[in-house]
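Lettered A, B, C and D in written order, each chain numbered from 1.
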């Protein structure tokens, strides 16, 4: 099955989620700088979610480049990932508008956790469709980031009920972890001489 | 006529409908778990509509892959399908916000019914444009799912006025019916050695 | 200059405008059929605008298929067309929510008129970029529909202040005029043996 | 790395930002022409932002056409640019709804400034990925527009606190400066015989 339309559809959904999120930044009443102050937590949270969606788009982009075939199961695994990503605007808005209170912060972590699991499922579905010794499998290797992130999200969700800022600090830390460029797939493609 | 732009435009509309639907999940007032409770029916309904749109996208994807030519009539049949799909966010929101009351549940079934008929019309328009003995026609075969679904939607709309939950149960059942992978087109493509 | 990205960007904008329009159909309060009644004019107007955007997308699709080169001027002519089309949701919503009152009906006609002029400018910019005797120029020929439509819109805007329903009837008539398939470009492509 | 998906994703985001902006033009209460009057500043500001986004899309389109390789760093530079562009609807709405008051006008200039810097960073990241003597580097040359614009935005932000209209006049002037077609990249592509 062709992978072109999967990429096009996913790009569309990524583009819309990332842009719809900004609609939670509602135009404030009042023309002075003070009118922007209540928007600050929403804005900071928007930046964090934008970075997370950027990381997902980047990794999704790389993963599909290392793939030749897309199975019917992978199509649904991809939709499942997009489902959890589509909840980002909601979770971002609730956490931002409540100034990072405990429950919204935990819910945000829950969406991050489910998206990470969905990404891992998609990765497995794609590897299964490529057959033994596939490029993607070699490129991913031990995948320690993919294994550690869900544990960190779980820790963050728990920590949220001690003090929300610990949870938020972990979310930021995981984002930074992923921002460090991951050259596994690029290197594997290079080695293959592509 | 090229099919590339039809796919691209349809993917765009699919991506937007699926994402705009989540905007009906409005960020609640209050920072406690209880604030999420009234959103539960809207959320469950969002999941159902997401699955339906995923099924339509998947089938649309497969159908156009088995097609070589797109006629002017098929372009309009495609727009007609997208019209009914574009009403999903409205129907989903109304049904969810009224906790699955009878009339909104019936309206939701009406949109499902019209989308199913529009899909069937698009399928016929595409087959007509391919000429006799086309791959798509062979792949679809008896098409019992496509024939049974509209009848089930009609039954569900009627059942809604007895008890809304029967209608909803039928909507869920039809979705599950379609989720079972439909390998007709994939097999037909394989047999052709593509 | 490549035309692929112009098509992709335009498709994106078309897809979004067509979907954003449906957001004006706000989920009503109340779970009975009566709650839908005030939405009826908004819905009918949505259907009309959907058809208009479908016509524009179809013609845009055909026009760019008959074109080889896209100039910098044509890029801006295309953006100018998209600008007027982007006002459809606003004009549609205002006309629908005021039950087709005179001024909103005239404004709707004004947006239709400006879009028609912008389309005509884009057509000229594309023909100019192809050089003498280009396929697109031959295909378009006398272009009586393109010349008559703006005059009909002007007549409709005037008639609106006599009785709004005359203006609306003209809008519907022009849409039907364009719905009749326009095979000029398809025929010209066929004659060329493409 | 392939540039196709970067273009597709960016086109999606551009298309959505440009269309979401129009949602700030809320359908007014009342059916008379007077109901549109308070929307006039929002509308004028929408036109200005539409032109700016059109310029960015045009330049982005040209820049990526002159490029062969896209590095991981350029992907993030591109996301960074899209981040600032995604704030256009917010900044446009706030400035328009406050009838061009000083602080919203300055904030609008701030977003323009950050977008200009982000564009310049993306340009550098792309040049770095092409190697010495690349087509893009030759095409851009001295890049006086790119260097002067940020200074003009800074001047406009300062001038805003003297009189907001001076700032706005500078924003319009910079837009006109860029609207004058920039044929550097087209000429460089021609010279190369592409």
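Operating definition for what follows: a residue touches a chain if its C-beta (ideal position, glycine included) is under 8 Å from a C-beta of that chain, and two chains touch if they have at least 3 such contacts.
No experiment lies behind these values; they were computed from the predicted model shown.
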Most widely separated chain from subunit C, with each centre as the mean of CA atoms: A
Proportion of interface numbers common to subunit A and subunit D (over half same, under half different): different
Where subunit A and subunit C are represented by their mean Cα positions, the distance between them in whole Å: 37
Subunit B and subunit C: spacing of chain centres that average the CA atoms, whole Å: 26
Contacts with 2+ other chains: residues of subunit B: 8, 12, 15-16, 20, 23
Subunit A residues within the subunit B interface of the complex: 1-2, 5, 8-9, 12-13, 15-17, 20, 23-24, 72-73, 75-76, 79, 82-83, 86-87, 89-90, 93-94, 97-98, 101-104, 107
Subunit A residues touching subunit D - in the complex, by the definition given at the top: 7-8, 11-12, 14-16, 18-20, 22-23, 25, 27-28, 31-33, 36, 47, 50, 54, 57-58, 61, 65, 179, 181, 183, 186
